[in-house]
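Several structures are given next for inspection.
Look for subunit A in each of the two complexes below; its partner is subunit B in the first and subunit C in the second.
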Partner chain A sequence: MGLPHLLRPWVFPAVLLGLLEVAARWMVPGSDALAPPSQTVLAFGRALTAQGDDSVLQATAFTLTSAALGLLLGAALGLGLGIVLGLSRRAAAMGFLSIEVLRPVPSVALIPLAMLVFGFGYRMEVSVVAFATFWPLLILTQAAVRQVEPQLLEVARALGLSPWARTTQIVLPAMVPRLFIALRLGVSIALVVAVTVEIAANPSGMGYAMMIAQQSLAPDLMLAWLFWIGVVGYVINLATLRLQRAVAQRMGEINMEQTP
Partner chain B sequence: MSTASADGYRGRAHTESVLVLVLLLGLWWLASHQQWVSKVFLPTPEATLESLTQGLSSGELAGFTLDTVVRMLLGWLLASAIGVALGALIGASSTARIWIAPTLEFLRPLPASAVMPLAISLFGLSSGMVLSVVAFGAMWPVLLATVHGLAAVHVRLREVATALQLSRTAFVFKIGLPNAMPDILSGMRLSMTVSLIVAVVGEMIASQSGLGQAILLAARSFRASELFAGIMLLGSIGFASNALLAVLEKKLLKWQRP
Partner chain C sequence: MSASPLLRFDQVSIHLGGREILSPTSFEVARGEFVCIIGPSGCGKTTLLRAAAGFLQPSGGAALRHGKPITGPSREVAFVFQDYGRALLPWRTVAGNISLALEAAGVPAQERPDRIAKVLDTVGLSAHAAKFPVQLSGGMQQRVQIARCLAQEPELMMMDEPFGALDAMTRESLQDEVSRLVQSTGLTVLFVTHDLEEAIYLSDRVIALRANPTPDKPSLAAMVEVKIPRPRDQLLTKEHPEFLRLRRELYGFLGHH
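And now, the complex of A and B:
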């Protein structure tokens, strides 16, 4: 009973991969688009041991570093402004229109601008990721501050705490669980945007490696990268989910329904 | 809170809100005219406005905008249709959910644009390729929302369906999908955002006519005002589609509120 239960999630992907193996090997041999999974695994093994720009580790490190730095920047700005707008209804009302006007700009629309300003490399990717993660973090932080128990704020007022002390000692600790939900969302956005920037423009990282594999008509390597990008995204998302749940358990459960 | 905020307070808040936006625009004007930021990157608001009006009246930018909007909407409609259909198929049977859902969870965080190289190999640098990636990428929010919505049908409603001896198809159409409607609609809203993003990326990579290609070319030839005009148009598309869907959602979900 135990073993089949554990194996069940793997059956469907195994069937799909089997079909792909058969299709790529015997139905469209030598295709530029599809490669049998067995060859994909071999290609990935070669890429793992390769040096220089082809190296899996180097490309992965570039993408993850850019995503992390961008998220750090976007989250810091979003958090700061979100706390201000969450604490003061007046500030929120004042910023409302500007935020509604700027927020719908799709992050990828800034890729050409970032290219123009920063050229290629870390800085352009970091700036686009920061823009993309800033908005959800801002909105969710604002909502999180609003949901801090009003009594806690009254206590802060009764104690005569300064706005700074009120923020660091009362508001921030009270919103930590919600903050981690926002961060989890930010992590997944940062990863997606980083890979997208690399595919669209930036000649580094996992996305670019995949584009190069496609352009050099190496479907096995291309599929290997696609799979690897999937694995990296899955593992990181799983890790942040675990982290968020652990934090929620320590700091008290919250009603998930209220946070988008 | 709404009772506390009188009309006068609201009116003042609106004025201040507009004032802040005007202030930001003024800051842009000052920054570009004082050359705090190089003109290569930051055009003046006037130049941007001129590029915008010129591009729109000459029909060039208007055409690009239309191309992008059509691509986004077509991809979104495809994604919604496929997402609901596949989601209903998977969500209607608990067996299918158990066997297939883990694979979906693995595929979900995959960036839609990462599928683009594969799509290029399969379909070439064509608008069909971009459309297929848009549909593929935007399908996930709808699909997962449908599966989730069908799985979350209340036990009592299931009992009612059993008592009425509804067939599985009837259950899906009469109880499951209406029940999943709020989830599906919010999924569709998210997928509209994804559609726009993937459409723009696709236009950039595959050189398909549209705003994505237009802003990339503008940036490459250092025409900052045209770049900004394009970014503004993309922002308006995002704004308009979001607002439209919010209205639609309200209308479609009216029956749910008491």
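And now, the complex of A and C:
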């Protein structure tokens, strides 16, 4: 009895949307903050077909490109440096102070500096995203290297693997489960920071489009963007999970669910 | 050259964390010999093996291979770890794990498949080349590790309680397999175990160590030759009068008093 299994997760959102519709239409009509979901859907439809900078496609592409490039940069640097710091106690001791001083700087506090250096556009957004994703990737990579099964490193020594082969054939693959945790964290940080930069400063992307809607007193469009950003984040998270499963399968179903 | 034995320990002592694990110990291993080291837990038998493999440096004395000090691990020396589960790369197949030894030795990619097939055939795992370690039983995983060591084509194989975690049946069949392998290849083996019967059954010579050495009771408790003919047999050899005599002689060194 009851609802079919597949419908169950949709009950709560449906009830919520219904209540929102009722509230927006009859309790606070003409509000500047709330718009009924039905109008939000219509506004989103208009934005979809719009041309130019505020079209959904363009704004989404801008945000995702910035987030992806920033993550790529931050992850590459964090991964590289994290491996070095993880493998060498001396390097870790040398880097400790600089890392502990720079790491707590909130990444969005870098927006004014990035704006001065790069101006508006991709470069400033990419640089802030890269800064924000660099630290967690660095710290998690460093920890992941230290947690590589010591016996495997001994096997590498016994077999006479070169330091390069030891890194690429033993350390990196052994880190993969923990690296995926870092990557998923990095992906969500990248998206959050990219949208934040657009809301705060950069006149492009989804965050900026949402700000414009808010400033032109169009709560329906603003909510449409909010909803869309949520959808994009969900899809990206899903894609990362899929990637993780595909990699796990190729690597002999290694245990991906271990905690860092 | 032939004057220096394959492996020679000359008054080797090892201290770890301020404690003397191994008091000055001397012995030699000749080419083609199968030598077992037994002793109660904490007697330093694994430490001795690790020093012989070059994983750690003696605190005193000299560990020599072919008359030269052992400064680090060498491809001429293979090491079979007790914990096969943590010594195999879980993300590589059986063939991939064996390939690792060939990659380390710089064997060209086109020669690897043949050599992998050869060692897999030797340990009877040809049918499982494409499987991942988790898909294999403990005994088979340990066979993969042995195959990887064979692929290295070493002159000396160190085995650190390799069958300690296996059930009795698997252990006996692996003992016979290793015996056969060593006889057919002429490999020299240094084998650590706490199983007295395993030690006598496998070796040409047994070295017994004692724990907590003192000046008048050094680490090296006894060294006996095992003159039981080969090939040996799990039933007949273990009923051989010499086997029973050695068992009785060495029994006290394993903490049974």
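Remarks
Note that the second predicted complex is superposed on the first by the 237 of 260 C-alpha atoms of A that agree within 3 Å, B and C clash if a C-alpha of one lies under 4 Å from a C-alpha of the other, contacts with A are read in each partner's own complex, and residues count from 1 in each chain.
We adopt the following convention: a residue touches a chain if its C-beta (ideal position, glycine included) is under 8 Å from a C-beta of that chain, and two chains touch if they have at least 3 such contacts.
Predicted model, so just to flag it, every value in this text is computed and none were measured.
By the document's definition of touching, of the two partners only subunit B reaches A:V117; subunit C does not.
Of the two partner chains, subunit C is the only one touched by A:P173; subunit B is not. Using the contact criterion defined above for the overlaid structures, shared-chain residue A:M27 touches neither subunit B nor subunit C, since it reaches no partner.
After overlaying the two complexes on the shared chain, residue contacts for A:G160 are found with subunit C alone; subunit B is out of touch.
The partner of subunit A that touches more of its residues, comparing subunit B with subunit C, is B. In the superposition on chain A, A:Q151 makes contact with subunit C only, not with subunit B. With both structures placed on the common chain, the touch criterion links A:L6 to neither subunit B nor subunit C. Comparing the two complexes, no residue of subunit A contacts subunit B in one case and subunit C in the other. Across the complex, subunit A meets subunit B through its residues 8-13, 16, 32-34, 89-90, 93-98, 100-102, 104-113, 115-117, 188, 191-192, 195-196, 199-201, 207, 210-211, 213-214, 217, 219, 222-223, 226, 229-230, 233-234, 237. Interface of subunit B with subunit A (complex): residues 1, 13-14, 16-21, 24, 40-41, 98-100, 102-103, 105-107, 109-118, 120-122, 193, 196-197, 200-201, 204-205, 211-212, 215-216, 218-220, 222, 224, 227-228, 230-231, 234-239, 242.
Considering their complex, residues 53, 55, 72-75, 77-79, 81, 83, 86-87, 89-93, 100-101, 103-105, 132-134, 148, 152 of subunit C touch subunit A. Those residues of subunit A whose C-beta lies close enough to touch subunit C in the complex are 149, 151-152, 154-162, 165, 169-170, 173-174, 176, 251-254.
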